[in-house]
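Note that the chains are named A, B and C in the order they appear, and that numbering of residues resets to 1 at the start of each chain.
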Amino acid sequence: MALLEAEHVKAYYLVREGYVKAVDGVSLSVERGVILGLAGESGCGKSTLMNALMMNIRPPLRLLSGSIILDNRRISDMQRDKIRKEVWGVLVSLVPQSALNALMPTKKIIDFVKDVFRHHSGLSEFDIASLAKKRFEELNLPTEALSLYPHELSGGMRQRVVIAISTLLNPKLLIVDEPTSALDVSTQKQVLKLLVELRRAKIIESMIFVTHDLAVLRQIADVIAIMYAGKIVEYSSTDNILFKPKHPYTYGLVNAVLTPEPEVRRREVTPIAGEPPNLLSPPSGCRFHPRCPFTIPICREVEPPLIDSEDGWKVACHLVTSERIR
Amino acid sequence: MIPSLIRDLFKIKKLDISIAIFVAITLAGIIGPILYPVDPTTIVGPAEHRPSTRYPLGTDSWGRDLLAQLLHGIRNSLGVGITAASIALAIGVTVGVVSGFKSGLIDSFLMLITEIILILPSILLMILIAAYLKERSPFLVSLVIGVTSWPWVARAVRSQILSLKTREFIDMSRMAGLSDLRIMFEDLIPNMASYIFMAFVLLMSGAMIAEAGLSMIGLGVTRGVSLGIILYWAQLLEAVRRGLWWWFIPPGACLVLLATSLLLLSTALDEYFSPRLRGG
Amino acid sequence: MDNVSFKVKEGEFISLVGESGSGKTTTSRMILRLLKPTSGSIKFQGRDIWSLKDIKDLRWYWKNVHGIFQDPFASYNPLYKVDRIIYQVFTLLGDVDADKSSLVKEALKEVGLKPEEVLGRYPHELSGGQRQRIMIARCYLLKPKLILADEPVSMIDASTRVGILKLFSNLRDNYGTSVIFITHDLGLAYYVSDRILVMYKGSIVEEGTPENIMENPRHPYTRRLREDVPLLYRRWSDF
């Protein structure tokens, strides 16, 4: 059984003008021991999806429908209090994009740790502190950092510290949302090394890595899911997605990647025309059809379902489904 | 932009009240004397008469109609308030913008002048200048007040400019070859419009009180009536001690209401503009 | 910034690559004559730019050397419509024969925008990509000899970046404009430049063609950069 099994999740934001359909019928599964990369551009709904998957839902966000089963528990049916006590930090942890802002500037790191886990697991303050210290040593992080203030740490160190603290109670699933976007490449590599180490040391089982940077996913992800306008449009192994993409959007996204490699320079790099749609009133049929160079009539009318194209390879595209050859 | 501004402003409650009060009193000052065409300085009846149907606010020690005085007084006090505020605003904004944008020697020089005037007690300055002038027209009084109350505006405007001029759109205008003057007028000042408006409201409030203060020590306008002048006469003839409440309470109340409503307005505006400015 | 020297030839496309704090933004502001260097000189076509004082000379300079910044929103005065940012530069062009509005429309089309869709709008009504393209259209109007682009695409979505990058190459290919492209992203620099200059802590530590930089980096910082950049066709060996 997969570690996380989400089916037909719909999470909308209720605003004055109506519903912003940020996550509109997403089904996703994360197998045990796997690093899943969730790729998409800004505004596609990936951060909302992460919040929905761990049931961190507060108005104006609403979970309209869908079931989320994490480690064989149906968390989509649980009350918020129970989730806070038994799920967050214990089964799943989310390191949000603004993680660095989550640290209180007036508290030392160790005090922050104590605050976070105080209400949690029935561990005493002393236990938490020694757990933190041991974990830092295990991950090759300087234990001195615990007695410092956030501003005394570099950006990269802060990020690693936040990741280490989030996984203190060994959650099965770690979700990281754009953890390295603001970092320079060397610091980024350090953070990525830490994340991979977490899995190797069995501190976590699986991870969802949200980003727009496909080159990073090449280096650490096992499988990739591509998200566009509130829906998953393709899902397969990293190599498949990056080198043999089937969905036109995936193809466009991969084609726009610019790494300092001769293969990229030789390639005709083409941008995707147009802009991502407004999620208050998305296009009819396939949401990508206004920007897609391969539309067939049905694309304007009917939404393509995310179905198996080959063994385990899921694509949501009428052309792919009808051709079955690509 | 303006209509939506007015619509949004009315959503803030304290704004409704403050605007209502201010507008009510102002209208009284503008239309009042037309609807009630009694001369405030001629003797119309018995001295120190209590309020009655003939004399709605009674009469003063010379038998002059106090309602007429009040209505004319509001008009003149507002007039001085607006004029003084405009003068102070003009000087303060000019000094602040030039100082902040040009920096260097000009900045140091202008700030020195600002500091000097800031340090000198404005009341003293006003008294000295006013006492020196034999004939004090409303304009002169406004000038005296205006010329002594602009420093804080200059300072505040300068710091706004200092932060605005680092914004990239200023660089873009520079690179487009626009002269400094054009950049100041087209790019900087419009972006401070909300601030300038608030400064005006505050200046006006302060100016009216300053005028009243000057008047109460006999240094107000030499001819005509203002709220401060009414209070001056009332105080001269010991109206408080003698219980002639109809003489000093109406002008005092109007003055306080005018000044307070303007202050409330400025805080409401601050509330309205700040989140907008942050939102960008 | 510490002792930085380099030359740019006509029609050349160079990139200054460095992380934040490397001094690249300071360099760009100095070249654009917005910030005065403490020592040293900047010469354009043989003339020291700080010797230009008269507004006519300054306008000549900016007609020939122009800049584009990173934040597509901050570059606009939010109180005016976007038209202003393009029409402003007619001050630099002096008397123009053709009708101004048709020149503006031409420039907008060259950067891939439909004039009807962007003219008459306020900055907040347009997307980051559109705003940035309008900035580039401003350069197309001027056809300067040198453009300085300071992180022009870092706040733009990855899939639209390439389109905007190409606009710079087109300026070079069609009008012989030299480009100084400032970025922290080695991949971008590699794709478009003739020459890459690597900046580290206020100095230039290495210079070379994109191939040289990636295949034979000599400075330890460049080497580290090459090791740590995530690639598509190669996997990190030490992972």
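The rule is short, and it goes like this: a contact is a pair of C-beta atoms (placed from the backbone, for glycine too) under 8 Å apart; a residue touches a chain by one contact, two chains touch by 3 or more.
Source: prediction; values computed, not measured.
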Winner on contact count, chain pair A-C
Most central chain, judged by mean C-alpha position against the global CA mean: C
Please identify the chain with the largest separation between its CA centroid and the CA centroid of chain B. A
Could you work out how far the Cα centre of chain B sits from that of chain C, in whole Å? 49
Between chain A and chain C, what's the gap in Å when you average each chain's C-alpha atoms? 33
If you average the CA atoms of chain A and of chain B, how many Å lie between those two points? 58
Chain C: positions in contact with at least two other chains: none
Report the residues of chain C in contact with chain B in the complex, numbered from low to high. 32, 34, 55, 58-59, 62-63, 66-67, 69, 71, 73-79, 85, 88-89, 91-92
Using the touch definition from the top, list the residues of chain C that touch chain A in their complex. 19-20, 127, 129, 157-163, 165-166, 184-191, 210-211, 213-214, 224-226, 228-236, 239
Hey, which residues of chain B end up touching chain C in the complex? 167-169, 171-179, 186-187, 190-191, 280
Okay, in this complex, where on chain A does chain C touch? 41-42, 184-186, 188-189, 192-193, 196, 212-216, 218-220, 242, 252-253, 256-265, 269-272, 275-276
